[in-house]
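Every chain is named by a letter (A, B, C and D) in the order it is written, and numbering of its residues begins at 1.
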Amino acid sequence: MVIVLQPKATENDIEIVVAKIKQLGLEAHISKGTERTIIGIIGDERKIQREQLALLPKVENVIPILKPYKLVSREFRKENTLVSVDGVNVGGNEIVVMAGPCTVENEEQILSTAETVKSCGAKILRGGAFKPRTSPYAFQGMGEDGLKLLRKAKEKTGLKIVTEVMESNEVELVAEYADLLQVGARNMQNTKLLRTLSKIRKPVLLKRNFSATLMEFLMAAEYLLAGGNDQVILCERGIRTFVEYTRNTFDLNIIPVIKQLSHLPIIADPSHATGKSDLIMPMSRASIACGADGLIIEVHPKPENAVSDGDQSVRADKFAQLMNDIRPIATAIGRTIAI
Amino acid sequence: MVIVLQPKATENDIEIVVAKIKQLGLEAHISKGTERTIIGIIGDERKIQREQLALLPKVENVIPILKPYKLVSREFRKENTLVSVDGVNVGGNEIVVMAGPCTVENEEQILSTAETVKSCGAKILRGGAFKPRTSPYAFQGMGEDGLKLLRKAKEKTGLKIVTEVMESNEVELVAEYADLLQVGARNMQNTKLLRTLSKIRKPVLLKRNFSATLMEFLMAAEYLLAGGNDQVILCERGIRTFVEYTRNTFDLNIIPVIKQLSHLPIIADPSHATGKSDLIMPMSRASIACGADGLIIEVHPKPENAVSDGDQSVRADKFAQLMNDIRPIATAIGRTIAI
Amino acid sequence: MVIVLQPKATENDIEIVVAKIKQLGLEAHISKGTERTIIGIIGDERKIQREQLALLPKVENVIPILKPYKLVSREFRKENTLVSVDGVNVGGNEIVVMAGPCTVENEEQILSTAETVKSCGAKILRGGAFKPRTSPYAFQGMGEDGLKLLRKAKEKTGLKIVTEVMESNEVELVAEYADLLQVGARNMQNTKLLRTLSKIRKPVLLKRNFSATLMEFLMAAEYLLAGGNDQVILCERGIRTFVEYTRNTFDLNIIPVIKQLSHLPIIADPSHATGKSDLIMPMSRASIACGADGLIIEVHPKPENAVSDGDQSVRADKFAQLMNDIRPIATAIGRTIAI
Amino acid sequence: MVIVLQPKATENDIEIVVAKIKQLGLEAHISKGTERTIIGIIGDERKIQREQLALLPKVENVIPILKPYKLVSREFRKENTLVSVDGVNVGGNEIVVMAGPCTVENEEQILSTAETVKSCGAKILRGGAFKPRTSPYAFQGMGEDGLKLLRKAKEKTGLKIVTEVMESNEVELVAEYADLLQVGARNMQNTKLLRTLSKIRKPVLLKRNFSATLMEFLMAAEYLLAGGNDQVILCERGIRTFVEYTRNTFDLNIIPVIKQLSHLPIIADPSHATGKSDLIMPMSRASIACGADGLIIEVHPKPENAVSDGDQSVRADKFAQLMNDIRPIATAIGRTIAI
C-alpha cells in the first residue's frame, strides 16, 4: 500500500501514520515529494484494511499495490489448469463446446437435442432444471425430474452434463446428476453457495455476474480455490451497459485479460451475452479468435416454442453450420474442435 | 403486445401471425401502415411469451404494452402501503431513520452505537451478523452470536432490529431475532430466498441490486407479494456506472419514479451508495427532499477500527449533526423525523 | 507517481527505471517490499507522461499521485468563485434559477415565457438558437434570428440571457447577444471551442458530457481557466447508464464532490437529466438539498407543441409551483432564492 | 407509432388523440384491449414529434415503430457500399489495415513507421496532426506541418492517408492532404462538422462516440448521407462502462449488428478500444472473425517515447507479427488481407 498525505500534513501527521503502520506489524517507508509526502508499506498489505489508514488525519488516499486474489493468479501457478469434466478436458488445446436448451422441458426435447449436438461435435450437454427467473409467474424449472432426464440423455449419448445449482442446500442433489455444476451469473457472489461448492469433488462453471469487475470475478473463483476446489472454469456471458441492441454487452476483452492474470480456463456464452440468435455465429467465431477455451450455446429444436430464452437459441438444424463455421477459426490459431 | 412486421411481409405472413395469436387464446387487430403492418393483441399478453411471436417469419419486433408486475403496482393498490416494523411504521408521513454499524463486532460496540443512534432519533438499529464479503479472506460475520447481541441492544434501547439474511435455510433463524429482514443487493434476485421470505410474517427490506433495472427491482418485490407477504420496504443503494468518485452511483431518481408506479415505501442508503462518509450528509438531505420514506445509515464509534466499511460510516459523535441537518428538510416538504 | 515493479524485477531493472526518472529531471525514491519493489518520484510528475515509465521492462503499474488539474482546484483557490452574469452572481448564498424553452421558436413564445419565469423569480432566461440535434431531419434552431428574440426578451424583462454556442467561429456572434455562453454536453471536450471561449470576457456555462468522468469534466474547465477565463459555471445534466426510466441518470453526487475539490460554482439541470416533466419537481428539490448553486429548467407555454424536448419541459403555469416548492428547501439549508 | 392509453382513458380521451393524429395529416387505427386501448398511426411517423402525442391527456406511452434513419439502412440500399480511399476499397472482400502513430511527431518517426507498416501489408497510414487532448497542458499536434509530413510519407510509400479533422472551418485544409477524413469519437455528434463533411468529395471515417447508442451512431452517419456524401466508413473504438481493465470496453457486437442494419462498411480500432498493447493482437483477430471490414492500429517505433497513447501502440517491429496473425483468420472466413 501507498499512503498519500495531504499537502498540509505536518511532521506530526506523518508520525501518526507511521506509528499505526508499525502497530499493524508492518514497516513504513517515507518519501517526501515537492507537493506531497507518500508513505509506502513494507510487508503483506492484505492483512490490513485500508480504512485503518485512510481515516487517519491528513491522509488523502490509500492505494493498494498487491492484488487481493492469490490462488487463482498466474503468479501462484504458471501453467494453465486443466479441468476434467468426467474425462473431457477444458483448458487444453482442444476447444470444448457445451450445448443444449435453456430449460429441460420434456424427454423428447432433451433427448433429441442431445443427439443433435452430440452428432455435431459438442462434448457437454447443457440444460436447466432449477431456473432463476425474473418473474414469479414464469416457469421455474422441472427440478429433480429435469436432472433425471439429463442423466438419461447422458446414458444415451455419452455427453457430459452441466446444469445450474442455485442454493447451497441443493448442491448435494445436483452433484449426483451433474458432471459440471454451474453457478449462474446472479449467484456469482453467493458466498454460501461458493463455500459449499469448494468442498465437493466436482468441477464448477462460474459465470460472471453482469456487473462484476475483473477483481470481483476472480475473487469469487478465489472462494472456490481457497476452500479446496481448483477445478473451476470461468465463463463470460455479457455485462450490463447502456447499449440497446444486445441483451447484454458481450465483453470478449476479458478473455485475453484472464489468460494473462489467471491459470484458470475461460469459456464464452454468446447466447446469453447477445440475446439474439443471429449474433451467435459471428460472436462464437470472435470468442475463439481471442482465446476462449470453449463455448456454451443454447440450442433448441423449436426456439419459437421454448419455455424460455427462445430468442437467443440456435435452431437445432443450424447448429451443425455453427460448428462448421468455428472450426476453421480454431485451426487458424492452432487449436482444435472435435468433430 | 404489438407485433411489427417487416416491410416485405405478405398477406400469408400476416395470416400466420394472426393464426398463432388465436391459437394462444387471444385476439388480433391488424393495422396496415404505409411502410409496415402492425398487429395488436387483445387479451392478457402476460400469459404468452414474446418469442412465441418474435420468431415467426417476417416479424421484425414484438413490443410489450402491459407491465409485467401487478401486485406491487399503483394500479393494483392506490394508497401507500404502511409497513409496520414491530410497531414502527414506514411509508407514512414520518421519515424513519435506521442506523448502526456495518457489522456487529462485539457487545460494547453494538450497545454503545445503539444508545447513540437512539438518542438522536433513529428508530431501527442496523447491524450485520451474516456478511456477504467479496474476499474469502475477510471476516464473514459473527452469525447467531451477532443476532444475540442485536437482541440485547433491542432490550436495552427499544430500537427495532434490521439485519441481513443470506440464504433461505437461515430465514427461520434470523426471523427469530430480527424485526425487519434485509435482502442484500447481491441477493435481490435470489428467488429461493424471496420465496421463503414471502411465507413469513415479518417485513422485508429489499435492497436494489447495483445493476437492477426498475422492472427487475419491482419484479423481485413481486415475488414477495405473490407469495403472500406485502410488508415490503424497497431500498435504493447505488448502481454501478463508469463513475469513479463514488463507490456506486446513488440513483435518487428512482425514488419519485417508484412513488408513481408502486404503493410500496422506499428508503435510501447513502452509505453504500456513495461509499464516502463526507457525502452522506448532503445526499441524506437530497434523499429526503426527493421523497424517500426513510434512510439507512452506517454509524460506527470508531470508523478507522471498523472490521468493514469504515470508509462509509459516520462517526457516532457526528450522527447527531446529521439528524439535525435533515430535520429542516423533512419540515420543508411537510414530513417529520422523530427527535 | 509511484512505479510498481513486477515481483521478478532485478537490481538491473530497478536501475533502468531510476536512470529514466533522473533523465526526466526528477528524483527517485526506492522502497523494497516483501513481494514487490516500488519507486516513488520526487518532483512535479505532471511534466512527464506515464508511458515513459510504464513501458520500461518489468514495470507492472504506474500510479499518478497528483491530480492533473490545477487552476480549478480548491488547493489553488480556497474561496468559492463568484461568477457574475451581467450582475447576477452565481456561486454565492443565493440560488439562481435559469429557465426558458429548449428552443426559441417565435417572438410570442419567448416573450411570454420570459414574462412568466421572471414573475416567478428566475433571474436568467435560457433558449436555444443554435441546436445540436441527433437527427439531420430535425429543426436546427433559428440562428441569429433566435438570438435577436432573446435580446428583445432581455430588454422587456431585464432577465439575463444564456444560450448555447456550438463552434469556435460562432463565439463572437453569440457573445454579442448572450450574457452567459453555454457549452453543450456534446461539446464539453471540443477543445477549439473551449480555447476560443477562454479568451472572451463573458462567463461560460460548461455542461458535463453524459459520459464524462469527474477528471474529464474538471479538465475541460481547466482549458477555460488556463486560457484566462475563470468565470466558469459547471452544470450536471445526467450521465448515460443502463437505467431505462429516465432519459439519463441524474448524478447529483457530483455536486458535493465538486464543492470539495473545486472553487467553481455548479448548477443542476433536472430537465435534461431526467427527461420527464413529472420528475423535475422532486429532483429540483434534491439538487438544492445537496448543494447546487442554481438550477436550469426547461419551461414552455405548451410543451405538447414544443419543437423539441416537450417531454421534459414544465408547463409555464406550473413553474410558479416549482419555485414555491424549492424555496423552503433553500431556507432549510440557509440559502435563498429570489421571489 | 403506437399510442398506449392509460387504463382509465375515456371515449373522449380517445377522440382527442384521434383528432390530433388527423390534424397532423395521418390516420389513426384504434384497438381496444382488455386492459388498455392502443392507437396505431398510419402514415409516415417521422414527420411528427412524439411529444405532440405523448403529452395529451391519459396517454401512457408513445412507441415509435419506424427507425429514424433512412439513407444508411439496408432497406434503402441492399448491397454493401464500397468506399474508395484514393483507390483502396473498403467494404469489399479484402480487409484493409490502417496503421501508424497516434500523433505525427517528426519526419523520421512518420517516415520510418510508414515504411514499416507498408512492408507488412497496411494500405493506409494514420497519424494525428490536430489532436483533441483531455488536458490543456498536453501537446495538441503539429497542425499543418504534420499534414505536410503525412503527404511526404504518402509520396514515399504510396500509402493513403487518414487523419482527423476537428472543426468545420478546418475541413478544407485537411481535405487538401488527407485521402480519408476522420471524425473523432468526441466529435461524432458535432453536427456542423458533419454537415461540412457531407459536402466534400472525400470519404469520411466516422468513429463511434464512447457513449453512443446504435441509433445515435447511425444518425450521425445519416447526417453525412443526407448532405450528399455516401462515402462513409464506420469505426467501433470502445464504449465507456464500469469495466476497469481496459481503457474502454471494445464492443465488437456492434459489427455484425451494423452489417445487418446498414450497407456501410465498419472497421475496428483495438488500440483505442482496449488501451493496452498486449490486447491488440487477440482483439484484432476477434474483430476480423466477427466481420470487421478493416482495422486501424496504432504503431510507433518506440512507444515509450511517444508523445501520446504509447500504452496502446504496437512496437513497429511487432507489427509484422500482428499482420501474420490475422491473415489466417481472414482466410478462415473467406476474406483476404494484402501482403
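The rule is short, and it goes like this: a residue touches a chain if its C-beta (ideal position, glycine included) is under 8 Å from a C-beta of that chain, and two chains touch if they have at least 3 such contacts.
Here the structure is a predicted model, which means the values were calculated and not measured.
Common neighbours of chain A and chain C under the contact definition above: B, D. More C-beta pairs in contact connect the chains of C-D than those of the other pair, out of C-D and B-D. One finds 26 Å separating the Cα centroids of chain C and chain D. Once the centre of each chain is set as its mean CA position, chain A and chain D turn out to be 31 Å apart.
Separating the centre of chain B from that of chain D, both taken as means of CA atoms, is a distance of 39 Å.
Of all residues in chain B, those that touch two or more other chains are 211, 215, 240-242. By the touch rule above, chain C contacts chain B in their complex via residues 211, 213-215, 239, 241-246, 249-257, 260, 273-274, 278-279, 282-283, 285-291, 328-329, 331-333.
Taken in their complex, chain C has these residues touching chain A: 2, 4, 7, 29, 31-36, 38, 40-44, 61, 63, 65-66, 75, 240-242.
Chain C contributes residues 46, 49-52, 54-56, 68, 132-137, 140, 166-169, 186-187, 189-192, 194-195, 210-211, 215-216, 219, 222-223, 226-227, 240, 303-311 to its touches with chain D in the complex.
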